[in-house]
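Please go over the structures that come below.
Below, chain A partners chain B and then partners chain C, in two separate complexes.
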Partner chain A sequence: MGFLKVLLNNLMKGPATEAFPFGPPPAAPHYRGRVAFDPASCTGCGMCELVCPGGAIRIDRDAAGLQLTIWHNTCVFCGLCAHYCLSKAIRQTDDWHLAHPQAEKFHLVERGRVSMIPCVGCGKPILPLSDEVMRLAFKGRTTEIERLRRLCPDCRRIASIREMRHAHRSLV
Partner chain B sequence: MTATDRPLTTLPLGPLHVALEEPMYFRIQVDGETVAGVEVTAGHAHRGIEYLATKRNLHQNLVLTERVCSLCSNSHPLTYCMALERIAGAPPPPRAEALRAVADEIKRIASHLFNVAILAHLVGFESLFMHVMQTREIMQDVKETIFGNRMDLGANCIGGVRFDLDAEGAAYLGVQLDRVAVDVAQIRELYASDRSIGSRTRGIGILPYGDAVALGVVGPVARASGIPFDVRAKAPYGAYSRLEVPVVSREECDVWARAMVRLDEVRVSIDILRQCLARLPQGSLAVSPLPLVPAGEAVTRSEAPRGELIYYLRTDGSERPERLKWRVPSYMNWAALEVMLKGAAVADIPMIVNSVDPCLSCTER
Partner chain C sequence: MTLFAHLAGRSPWLYRINAGSCNGCDVELATTACIPRYDVERLGCRYCGSPRHADIVLVTGPLTIRVKDKALHLWAEVPDPKVTVAVGVCPISGGVFRESYAIAGPLDRFIPVDVNVPGCPPRPQAIIEGIAKAIEIWAQRL
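Right, the complex of A and B next:
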């Protein structure tokens, strides 16, 4: 019978299962596990909150900045938030160890706060631009770009026009 | 007493664990050991997903449709995306189309091997069941490595795909396909020649060609009854118009033929994947910027592992769909159970039910 050969072959190979919990628990490098949030890269665009199918992400905005909350127990690990996060503030880790006692179910939360900084031009509070956004928006970083980075949109517009007029005048 | 005037006994079967771990209730009239009539009652897995879809925005529905069902979880968001892209007039770039085919064929291999494995389990051939499941495990590892999840790939997004295959990923997939191909050739040989498989599956659960046409069955169930219908070949979508997709069909019309069609389709899928890897177009993964979806409607269809899947989408220009409706292959296929089960032995019922590979969570949604 042909199957005996298969059976013998499988017997020689030994167990196919992982040795967990006595061995290391392997996870693929791109594994879509627990979501992690890095406030330093967040621009507050709100795309993650919009696309999250389970409503596991909430952004609370106030005068001092924003707070992002992720409920891991509501998360379905689809990774849409990480996919649409251009500044890579949200990413999925390969951590799948999320088993916890019932009593801790409301504590499985990730929170991060992004604080407003004052505009160096007018002092109006603005959300800081992360390095990742600067990298996406500009090829290189010059001192002028760095100066514009700490300005609010209105001041940035005024500064840009002033800059352009200056350049135009020096040309003629 | 003769067979005709003997009173029939009603045998309730289900709703739990007939062949698969999904709820389905059969009211079976038995005459001794033979099935005289069947009444299928469905609806135990209804979750109101079509209604939920109208309460979520277009992005959220990508994930909701993916969770309608587990084994064809990639076909749902794929067909949904195709409908959205048709309304938006934003076809995905060629590389995205090829990668969508990659994701779909990987799912198809795992789904078909799962069904064929369950057949061995129902025959009582547990060691073969384990062996086929172990072969399927190679595809599960492929999914985890490339997509980061063993069931829900999350491969699609509006206007393209979310994953990429670099040279290393493509090489890895190629090696794993070679491993699966060797095992599947051996498994096919076993299913074709093994006596215990043959004696429990040949000539059982017959769905004649005429009934198959009348009931409108699709997928491997239709192809095992001599209807060579495959959406990938009849109405090619995405990358399939540039790929060679031979349609597998058989004439035996029984449980065995359905298993053989699935095993042969696994080989076809491996071949399609190799074609994709050999000529993967370069370019972007998704249309940019994110397309705006105006008011409109679209009907799209694709070949899910169980057969033709149709999506109807109507949008009103807002971020939520006005109506999202889909017709799944199992809807027609399980109606064929009434033909297949009539005259069958009671002991063969699980095998026949499994042979249509019913997906209740899709159908009842």
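Right, the complex of A and C next:
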């Protein structure tokens, strides 16, 4: 009479088939889907472009900043870009609705532009440091660190040395 | 003829061409058809063994040099009107094999592609979504 139990179980459980495309699509937890880019957190290190196995990421640099382009049609969702992105500017969403007609083939891109800002010290254009990078690099945020943040590497070096000499003198 | 178009539009047969695929997309295509959880036959589709019976062609793989002529020959055997679906990033752009000396693709250099389903491999639901789009195009072409 074991079959009765199986029959009853099957009747109680309902269909095993997912409703999609006639119903809502299920989203798996931690699904690695379409890559999203947040230009506000990007530091322009270029690691994502380097590690992308499909060559889906391209960074165009010019005098005014950089433009990052991701073409989803050659992305293999490996997640290397998101893994190596220190400032979490690139992350993977759980969106998998990427099937599209041929006319949209080259429109399936994600673009983001990071603009240069002038250095407070010398006016040289530098890429802005995001809050995420500041959080990673420093434990607390002091006014001193905030001041160094807006300086180019050369000015930052000079300012740091000046600060150290000043501290040394006051100690002696 | 309109009755035929109405009936045929509801039951396109699928044919699968492996143009040098790593088999990942083919496994997902088999999963889409064979596992009750996804069940592509709800859309009226079924896989067929001969290109001459097919209506929708699913192409996987980056179209390698070695398989190019055979794959294109096979595609040409599918009677018109037909709908071509590129499954996976390989036939669409070459994917990780892009610009390799061993591939002749992307596929749309040689044959008109109608629907692209990117992914490496695309998940079964994405394939079903692509096939649903292909069925819409197929119904218009009849």
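In the analysis below, the second predicted complex is superposed on the first by the 160 of 172 C-alpha atoms of A that agree within 3 Å, B and C clash if a C-alpha of one lies under 4 Å from a C-alpha of the other, contacts with A are read in each partner's own complex, and residues count from 1 in each chain.
Heads up, the rule we're going with is that a contact is a pair of C-beta atoms (placed from the backbone, for glycine too) under 8 Å apart; a residue touches a chain by one contact, two chains touch by 3 or more.
Treat the numbers as computed from the prediction; the structure is a model and nothing was measured.
S.K.: Applying the touch criterion given at the start, work out whether A:73 contacts chain B, chain C, both or neither, answering first, second, both or neither.
M.R.: Second partner only.
S.K.: Between chain B (first) and chain C (second), which, if any, makes contact with A:51: first, second, both or neither?
M.R.: Touch status of A:51: first partner only.
S.K.: In the overlay, answer first, second, both or neither for which of chain B and chain C A:92 touches.
M.R.: first
S.K.: Tell me the contact category for A:10 with respect to chain B and chain C: first, second, both or neither.
M.R.: In the superposition, A:10 contacts chain B only.
S.K.: Of the partners chain B and chain C, which touch A:30 in the superposed model: first, second, both, neither?
M.R.: In the superposition, A:30 contacts chain B only.
S.K.: Intersection of chain A residues contacting chain B with those contacting chain C?
M.R.: Correct list for chain A: 16, 53, 76-78.
S.K.: So in the complex, which bits of chain C are touching chain A?
M.R.: Counting only chain C, the residues touching chain A are 36-39, 42-43, 89, 92-96, 98-99, 108, 112-120, 122-123, 125-130, 132-133, 137.
S.K.: In the complex of these two chains, what residues of chain B are touching chain A?
M.R.: Its residues touching chain A are 56-57, 59-64, 66-67, 127-128, 130-131, 134, 137, 141, 144-149, 152, 154, 157, 162, 186, 189-190, 193-194.
S.K.: Quick one: which bits of chain A touch chain B in the complex? Just the residue numbers, please.
M.R.: 1-3, 6-7, 10, 16, 28-32, 50-53, 76-80, 83-84, 92
S.K.: Quick check on the complex: what are the chain A residues that touch chain C?
M.R.: Those in contact with chain C are residues 16-18, 20-22, 25-26, 53-55, 71-78, 96-102, 105, 108.
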